[in-house]
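Multiple structures follow.
Below, chain A partners chain B and then partners chain C, in two separate complexes.
Take a look at the complex of A and B:
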């Protein structure tokens, strides 16, 4: 009795999440896709390091941090651009995007140096 | 006036004769001082002395209590070897004493010492300082009731026939000594912890050391094969000392006599004494078994000059030439067990050197993955040969920062991930900007 109720509740939850998500604007969905891509790349690298060992540790850190850093910056962009956020109501989205681009430039400069 | 150039020329021609002692290029001794108890020994041991003189040694015979004996003059030693055939001398007159004899040996010069029954404390102390302990009872002799020599004159079994030779072609010559050696005198023992003394002629297991004229009150302390009749010491500076317990063993009578061991039917016409003392004296006076190692060379594989420093994981080649003195000239030394160590506190690399049979020993190896100051070390000690101890210091440095591999193969996924993130960022920004 409990089991079928739990699965039914899970399914109902999943459906409501999906329908809510479908209502988000397209640009936010693009940002979400980019974040997913960066996190998956980071996970692949961590699994590779677990198999092979951490020999050029600086390269490993560089690769993982480039993914994690760019994911964090994308999340910040998403927060600033989201129209439902009251905090950033007055922030022009172009300014947010310019910040995103500049920070990514600095991030990738550092990554290239640390990659060895 | 006309005599001046003549005297000058004769002086010049005599100059080469001034280098009369042994040198690095010619290690055989030249001048030997022989100290005797009385001059009768000179004639009773004439065969032995004659064999030394025919081999080119200059023998200087003196009585042991001659007050004018000096080993040194103005800081230079006058002799290269010392033969002490004076077992009963209580003290040397003149400048010779126990310390002077020990300094003589410490300077790298050789010594033949013969004790006998009733030898003095001085001779026993010299032997004790060389590592050989004679029996405490001075009138004890080596007695063997099983391995004695059959003799018409002596019946107390103190004339012992022994063939317990050390196994060494370098010391005793390449031809085997067939007949046993006749020995009549006092035995000694060696400390087993001393690695520099070697027993060259040992007594048989049935021998013991006791006074033949008195009854034995308790069992003798020195028995069996622990008794050494003739021993040699090769010091760390390659000085060689031979210590024997019987002066008669060198004498004409035993050298010429035949020998038959009791209980055996082998009758030898001539004892092994002459061959034994001649061959062993050749070894003691550095006519045989003297090695030198020259021309240590090392270089990187493919180059010929010797670098001042190696880098880790370099390939290098090492070579050395080892020669053996044959009595007249340096012959190539041939062996297959010379090893070189690449040493820093402990040997990181230990390799056996290959030889081209002409004295050149060479090998090649890879410098280990450790940096520091290393040494090429050769420590070669073999029975009967002089010890070789070479060390050459060489530093080893780690990689310079531009000597590492540029791209590491295992890191390619990380390189790929960083570039793919950059590409992704670029594509994302295009899509985001131009999305309606």
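Take a look at the complex of A and C:
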């Protein structure tokens, strides 16, 4: 009885969340997808490290940090692009994207240097 | 001065035969050395004096024929003799060179020189003026017998030279120079001998008697080297330079022989026996005789210049061990002569000769007693002889003893001929005893000069492992050895407070600047790599999120509608994309092969390009979206 109620509640919550997320603009959804992609890739590398050990530790670190870093940058981009955020109202999304590209290039220069 | 040495030695040996020193005859090495020293520079000599020294040396040693000195020296001799302005010294040496080379000089030239020399004898002031003038006259007398060289007033000249002599037998170089010299005495004697031989009448006997006294006084000042060689020392150092004892002695000897020859008997001295005889030298090819090789005792007798001696026999007068004085092992034995090799040899050493150092005394006996006047054999020659052989080592054993009771705790036999690797242990209350017996080939016990057990005398209370080395050696032992015996573990008590500290380890100066021990780098061995399949599987796994990303994009209905359509912005947009791709490819290259600097250089250009293109593209996009918004 209680269990079914909880399930129902959870389902209701999940449903409302999905419907709320459906209203999100497509460009933000793309960024979300990108963040998911980056984080999952990072997780796979962590699992790999857990299985075989961290011998080329710098390679592992650069791989994971590349993913995590780009994910963080994507989140930043998402914050700036989101029209709901009044703070960045005057900032055009193109400018935010330019920042994203520049930061990614700098990040990956460092990552490549560290890759070994 | 070195130039004089070669023929001075000869003259020395002819006269002052000594009894202790062993001479070796002049060998080819001496000859080639003389050839090297006296070799003319660019075919000529620096002066006539040098030319004479060289020629005289070559003449005595029988070398230098190939140098053809005559061609270069004769013109110089002719020039000097023909010129009226030549100095007396140059004339003298030119005549001497001429005496050896026999250059073509006419009688008139000799006559001119003779009258010039006679004139200069009368107003000569210094000893060398006399020496050169008289010497020149003597040479002319020998060479050109027609020329009148006779001195009519020989007594006066004799007295004039004699006036330069000093009371101690030495002479002054000139009347206004008070310093006297031994070398000058020799020069004076040679000059006086010349005067005597050039005199028309007999010289006053009283003058010769006075000269005899001078010579006796001169010999009072004779000195003796440690090896028994007599010499006259020269103490005077003056403008002429220092004449060493060798040249001073040679000068006197030449003076005496010349004087003795000139006066022929009027020199009534013990020194009459001096000179004229050719010394014979007894030399040994080897003074070390090996018993294992059964070496023969060989003796060679030659003249000083190394030529063959007349028929003679060598007598071994006595041979005795240097240790036991007096007890001789051989007495009066004649050596056999091997005519083929020109060696006198002793058949076999007597049976009683064992290892050791011996002194052999030899005597030369000439077969023809007439020749005793020609050859000087000297007195007995004493030669040290070393008889060497193999020493046998027996009964070697090493033992560790208890100090108070003398009980043997451990005892080991040693095989000193072979390898030994001992391993002993002892403490400070015990004694170590190493014993071995050495026997000579004849079975006598033998006590070597050196036998060290290589234990350090003081251990400074340092316990631990010590190496033992045994050294047995002697000059007559052919099998001297240094052998590692092994090691001993010492257990020593703690050092008391006041004990001396061990000295710091000596630092080998060669080691300090020498090469250090090589440093080998040890690299960390790379960790074990995971199996390849696993890695490949994960590569595939990493691609999956990307595929998911692409699929997700497609499901979201992503499109490129926002991509600029007009030509110029589209070009910029494409260039922007290409620029990003280029930077990423550059990063891949950086990872694979480029270094940071190349990468940064390329990146700076690409970055500027990208900024320009990106700015154009994005501002175009921004203006488009702004238009849309406003519309």
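As a convention for this text, the second predicted complex is superposed on the first by the 116 of 116 C-alpha atoms of A that agree within 3 Å, B and C clash if a C-alpha of one lies under 4 Å from a C-alpha of the other, contacts with A are read in each partner's own complex, and residues count from 1 in each chain.
Convention: a contact is a pair of C-beta atoms (placed from the backbone, for glycine too) under 8 Å apart; a residue touches a chain by one contact, two chains touch by 3 or more.
Given the structure is predicted, the values throughout are model-derived calculations rather than measurements.
Trainee: In the superposed model built on chain A, check whether chain B and chain C fit or clash.
Mentor: Aligned on chain A, chain C clashes with chain B.
Trainee: Which holds for A:60: it touches chain B only (first), chain C only (second), both, or neither?
Mentor: After superposing on A, A:60 lies in contact with chain B but is clear of chain C.
Trainee: Applying the document's definition of touch, where does A:84 land relative to chain B and chain C: first, second, both, or neither?
Mentor: neither
Trainee: Which of the two partners, first being chain B and second being chain C, lies in contact with A:70: first, second, both, or neither?
Mentor: Only chain B; A:70 stays clear of chain C.
Trainee: Counting only touches as set out at the top, which of chain B and chain C does A:52 meet: first, second, both, neither?
Mentor: both
Trainee: Based on the superposed arrangement, let me know which partner A:92 touches: chain B (first), chain C (second), both, or neither?
Mentor: second
Trainee: Contacts for A:37 in the overlay, against chain B (first) and chain C (second): which applies, first, second, both or neither?
Mentor: Both: A:37 reaches chain B and chain C.
Trainee: Report for A:109: first if it touches chain B alone, second if chain C alone, otherwise both or neither.
Mentor: It touches chain C, and chain B stays clear.
Trainee: I'd like to know which partner A:101 touches here: chain B for first, chain C for second, both or neither.
Mentor: Touch status of A:101: both partners.
Trainee: Could you name the one stretch of chain C listed in 315-323, 351-359 or 441-449 that collides with chain B in the superposition?
Mentor: Residues of chain C that run into chain B: 441-449.
Trainee: Can you list the residues of chain A that meet both chain B and chain C?
Mentor: 26, 30, 34, 37, 41, 44-45, 48, 52, 55, 97, 101, 108, 112, 115
Trainee: For chain A, which residues are in contact with chain C within the complex?
Mentor: Residues 26, 29-30, 33-34, 36-37, 40-41, 44-45, 48, 51-53, 55, 92-95, 97-98, 101, 105, 108-109, 112-113, 115 of chain A touch chain C in their complex.
Trainee: Residue numbers of chain A touching chain B in their complex, please.
Mentor: Touch residues, chain A against chain B: 26-27, 30-31, 34, 37-38, 41-42, 44-45, 48, 52, 55-56, 59-60, 62-64, 66-67, 70, 74, 97, 100-101, 104, 108, 111-112, 115-116.
Trainee: Which of the residues in chain C end up touching chain A in this complex?
Mentor: 526-530, 534-535, 538, 541-542, 544-546, 548-549, 552-553, 556-558, 580, 583-584, 587-588, 590-591, 596, 599, 603, 607, 614-615, 618-619, 621-622, 625
Trainee: Please name which positions on chain B make contact with chain A in the complex.
Mentor: Against chain A, the touching part of chain B is residues 408, 410-411, 413-415, 417-418, 420-422, 424-425, 428-429, 431-433, 435.
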